[in-house]
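Before anything else, here's the structure in question.
When the chains are written out, they are named A, B, C and D in that same order, and each has its own residue count from 1.
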Amino acid sequence: MAFRIIKLTPNFARMMSTSATKVGFIGLGQMGNRMATNLINKGYKLNVFDVSPEACDAMKAKGAQVYKTTQELAKESEFVVTMLPNNDIVKETYEVMIKDGVNNKTMFVDSSTVDPSVSQYVQKIVSKAGARFVDAPVSGGVMGAQNATLTFMVGGTKEEYEHVKDFLAGMGKKITHCGTYGMGEAAKICNNMMLAISMIGTAETMNLALRLGLDAKVFNEIINSSTGRSWASEINNPVPGLNPGTPPSDGYKGGFSTALITKDLGLASSVATGSNSPIMLGALAHHIYRLMCTHDLGNKDFSVIYDFIKNKSGK
Amino acid sequence: MAFRIIKLTPNFARMMSTSATKVGFIGLGQMGNRMATNLINKGYKLNVFDVSPEACDAMKAKGAQVYKTTQELAKESEFVVTMLPNNDIVKETYEVMIKDGVNNKTMFVDSSTVDPSVSQYVQKIVSKAGARFVDAPVSGGVMGAQNATLTFMVGGTKEEYEHVKDFLAGMGKKITHCGTYGMGEAAKICNNMMLAISMIGTAETMNLALRLGLDAKVFNEIINSSTGRSWASEINNPVPGLNPGTPPSDGYKGGFSTALITKDLGLASSVATGSNSPIMLGALAHHIYRLMCTHDLGNKDFSVIYDFIKNKSGK
Amino acid sequence: MAFRIIKLTPNFARMMSTSATKVGFIGLGQMGNRMATNLINKGYKLNVFDVSPEACDAMKAKGAQVYKTTQELAKESEFVVTMLPNNDIVKETYEVMIKDGVNNKTMFVDSSTVDPSVSQYVQKIVSKAGARFVDAPVSGGVMGAQNATLTFMVGGTKEEYEHVKDFLAGMGKKITHCGTYGMGEAAKICNNMMLAISMIGTAETMNLALRLGLDAKVFNEIINSSTGRSWASEINNPVPGLNPGTPPSDGYKGGFSTALITKDLGLASSVATGSNSPIMLGALAHHIYRLMCTHDLGNKDFSVIYDFIKNKSGK
Amino acid sequence: MAFRIIKLTPNFARMMSTSATKVGFIGLGQMGNRMATNLINKGYKLNVFDVSPEACDAMKAKGAQVYKTTQELAKESEFVVTMLPNNDIVKETYEVMIKDGVNNKTMFVDSSTVDPSVSQYVQKIVSKAGARFVDAPVSGGVMGAQNATLTFMVGGTKEEYEHVKDFLAGMGKKITHCGTYGMGEAAKICNNMMLAISMIGTAETMNLALRLGLDAKVFNEIINSSTGRSWASEINNPVPGLNPGTPPSDGYKGGFSTALITKDLGLASSVATGSNSPIMLGALAHHIYRLMCTHDLGNKDFSVIYDFIKNKSGK
């Protein structure tokens, strides 16, 4: 028969297999609009909501259906992804969205970076209403959102993880199961606290090394093949020129902004307080980045700490 | 001729090639006696000096020649290795050793961990006296000294590095050229400052993660495949059980002692002051380890920081 | 006439003037029960509420009227004082207490230590319901509560401050007006952050001074007449014996507990995050006290930091 | 007789009593030249030495005798005051000055700020040569030097302290006996470490308070009558306008420079390392000031930390 000789393009094939899947997306900011666009490109049918009409219009132009309320959106969606700025907005958004009941086939996925206890609270109210919820914050930044190369850290049951895995793969390349509800958030916050510490430590170490007379390249090779190595020294070394193509080699533009790592460290401080966990270096790192924000470095890659501490007058 | 069919064992061959080489070794402590023993085993003729008669006797029993003064020892040695506890002792030892002149064929190698400015001072007086000097501090600890698997970080000219390279290979497996005089010390101090920071950061991060409910093994895999990774998280993770066969998995015994990393951080603080380099995290790490020393943890592996900060009562 | 020769005792006179004033007290813990008892002793008619029946019974035995709900209590009280453990409990208590309307003559006074934004939120809902609210956290601890020598830091309008001033004087000796709603809390949290820093600084300084060979008494006199002085060095010096009659001279018992200053520093960290204010020393102090809590020092006076850092083995 | 009716002015009387006293002064920098000038004004006969001919000429113009070598100067002086920049220069100056013997009537007074162990070393060599030595560093800065209102912190025996007391009163108004040799230095370094911590703590606290909405003047009164008070909050509050006539109210000009407190903290770090004393806040304060130096704030009053941390864009 005729149709047997049709050679499906991969894109068309993908659209076929997902054409029935309706996805709601709430929060169309820098990250959200790129993630939602990838879902459209993968063939999902997108339902969107944002407080900004412009953000909604932009997605409408790409084929999304815009909703006036999150309640309606959620009822018409098999998956609902939320990508929102903070604890309070996430809580309130879910409280409002489910207050008149839920479609019990809907799987809610919160990709915002928030306190694990917020995820746990939201999971409870969603579950009580009859639907399912996982937290799935991301790393990879705007470029990862753009290129669908994000890492998703998922908190939920094994079954829920399996249920969202392929779907999330439409926006990322690595989907990790971190444990029960909130553990995606916990993993992200903890990993980023460690990263924040490593970066300042690397900046201090490189600066000291250079001031003592070591050659940047030689010393970086030594540290990277020794016990001082970390992601910060190997992949995104804060000294300009050591890793071509990274923010430190391009005026600290792009990358992971100081403002965002400061926000994540604020969450780390908060959960450390809540769990009675001493984080001496973590808390200091938090406030060093915060200091950098007061010096108008919030929108630079966080590796700009190297520039912040090195001697301005060359003395 | 008969000798042509003799098939030399590698060991015998090595002995042959070095049988004429006389090496002086000054400082026969925990590290020094093991390093010196390796040289004897490699076939070098050892001349030794130490303030402790017992230390000298032990080396004599292994075939070394004991000297009463460093001057005589140095005059009879092609290489002189010094392995001494601190800045002042290194300075004074060299001042005394060369005060009546040197054998200008002698190459002096200081493997002590000291301020780079001490190496630079010693290099100057040795050079003025007519001989050569390089700094070559080590990493790898007592086990590395025992097994001849130390890393040597060499500060000197390219020619001097080439001259000592094979000789040092008798005590270590990695011989790195770090730059001019003092740069071996600078590299070691800076690398260890970074390591010190990473370890506390990893301990704080793992502790926080576990208190938030993450599984240690799961979270460690996440961090190690993400931006939070470092030598401390991958190779010597401070949480017992994650890296079998390491100090954290064996009651924090052996390894790199808190007392020694505290000493290295004291040097880092000193060179940071001398070079006007801000080290906020480095200085804090220094005094956290120092605090641990006041709590009698000086002789444990420095990863014991994890045990130091975690909640004692399990609350 | 007969009554002219009656010589009123001050106590009786005071009882007369306040006999008609009904006061509600919610939260009868360590602080609350002592504060409430002082009000009874001053002649106020006490209405009380607590989740613990035992706490209620104890106040009933002193003449207080126990209420089953905060709504009823509030409607029968001219002043309502709340003394509760944390942000969430304060918020929830007020939401419940006023949900069915308020007696618009009631002045609510929250003496809990919480985030200023919580006070501002509660003031708004109380005001909307038709009554008045001020925040009035205290310093002075359990002894101050017992002896009615607390300091109250009041946040509200000038009129509201004047309205509560004499009433609060029944539980304290110093009633300060700090500004608008939340500013009482802000003042307390900020003052205590400074205190927390001073105390660790004093402990480090005294310990260093003594280890360098200075006499504790001599050095303390020097610092107290110089630029290094602070409340911590003058009034509650952490070195045992310098200020007789204080916790450091009595095994660090009583006083201001490490657990409580850690709690206040948790609030300071939180408001610093919320207001984008860098607090490098404040955050580090926070986590040093938190570390001390993990070493089971939470119930000691916070000056025990001196004991925590000094060399245990006398070396 | 005629002379009996001469009523001596206090100044003249003082000149009489000291007219025979020859004083050597070595180190005529910002501090030294002002201190030496005060001695001339008090009637002492000044012998001076400095590596800068201009500095010597300036003192010559005021009546001092300039010496070419410190040896000759010392032999002709009853007191010798040294005011030099650092450890190494103090050590070397004394080694050279006394190498050919001393006038055993000379009392050497080192007013430099150096490591106590340097004072102890110098005392030993001076004593061995047959003369006496005390350390007597100062606080009070350039203004104190100018107005002869310095504080001297003396390390030596009770007798030595009594011997130098009146003499030092010619340059200062408070002469404190701190203990044995080196204890003057120890007291100064420790006091200044505490001051350095208080100032950053006060700046962080004031900034946080203001950002939370407190009025600077109101909050400063609260803190100064409470447990948060210190010299930094009361006398030199870093918020402009709170203490008229101080550096913070005059663009952070003059006062105690960030560069100098950084130098003192470098000494504190060094003696903490040498005495195994943990100084977590002290070390962090050290490197925060050092960071400020890299931002070209070295010559401002150290209270400029307030300006350094507050939000530049007013956000």
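By our rule, contacts are C-beta pairs under 8 Å (C-beta built on N, C-alpha and C of every residue); 3 or more make two chains touch, one makes a residue touch a chain.
Chain identities (UniProt): A, B, C, D = 3-hydroxyisobutyrate dehydrogenase.
All values reported here derive from a predicted model rather than from experimental measurement.
K.L.:
Quick check: more C-beta contact pairs at C-D or at B-D?
P.N.:
Higher contact count goes to C-D.
K.L.:
Taking mean CA positions as centres, which chain lies farthest from chain D?
P.N.:
A
K.L.:
Same or different for chain A and chain B, when you check if over half of the residue numbers at their contact belong to both copies?
P.N.:
same
K.L.:
What is the distance, in whole Å, between the centres of chain B and chain C, each centre taken as the mean of its C-alpha atoms?
P.N.:
Averaging C-alpha atoms per chain gives centres 54 Å apart.
K.L.:
Counting in whole Å, what is the centre-to-centre distance of chain B and chain D, each centre being its mean C-alpha position?
P.N.:
Result: the chain centres lie 41 Å from each other.
K.L.:
Send over the residues of chain D in touch with two or more other chains.
P.N.:
Expected reply: 272, 276-280, 282, 284, 288, 291, 294, 309, 311.
K.L.:
Going by the contact rule set out above, which residues of chain D touch chain C in the complex?
P.N.:
116, 139, 151, 153, 174, 176-180, 182-183, 186-187, 190-195, 197-198, 200-202, 204-205, 207-209, 211-215, 218-219, 222-223, 226-233, 235, 268, 271-272, 275-282, 284-285, 288, 309, 311, 315
K.L.:
For the complex, which residues does chain C have touching chain A?
P.N.:
Touch list, chain C to chain A: 266, 269-270, 272-273, 276-280, 282-284, 286-288, 290-291, 293-294.
K.L.:
Which chain B residues qualify as touching chain C in the complex?
P.N.:
Interface residues on chain B, with respect to chain C: 280, 284, 291, 294-296, 309-313.
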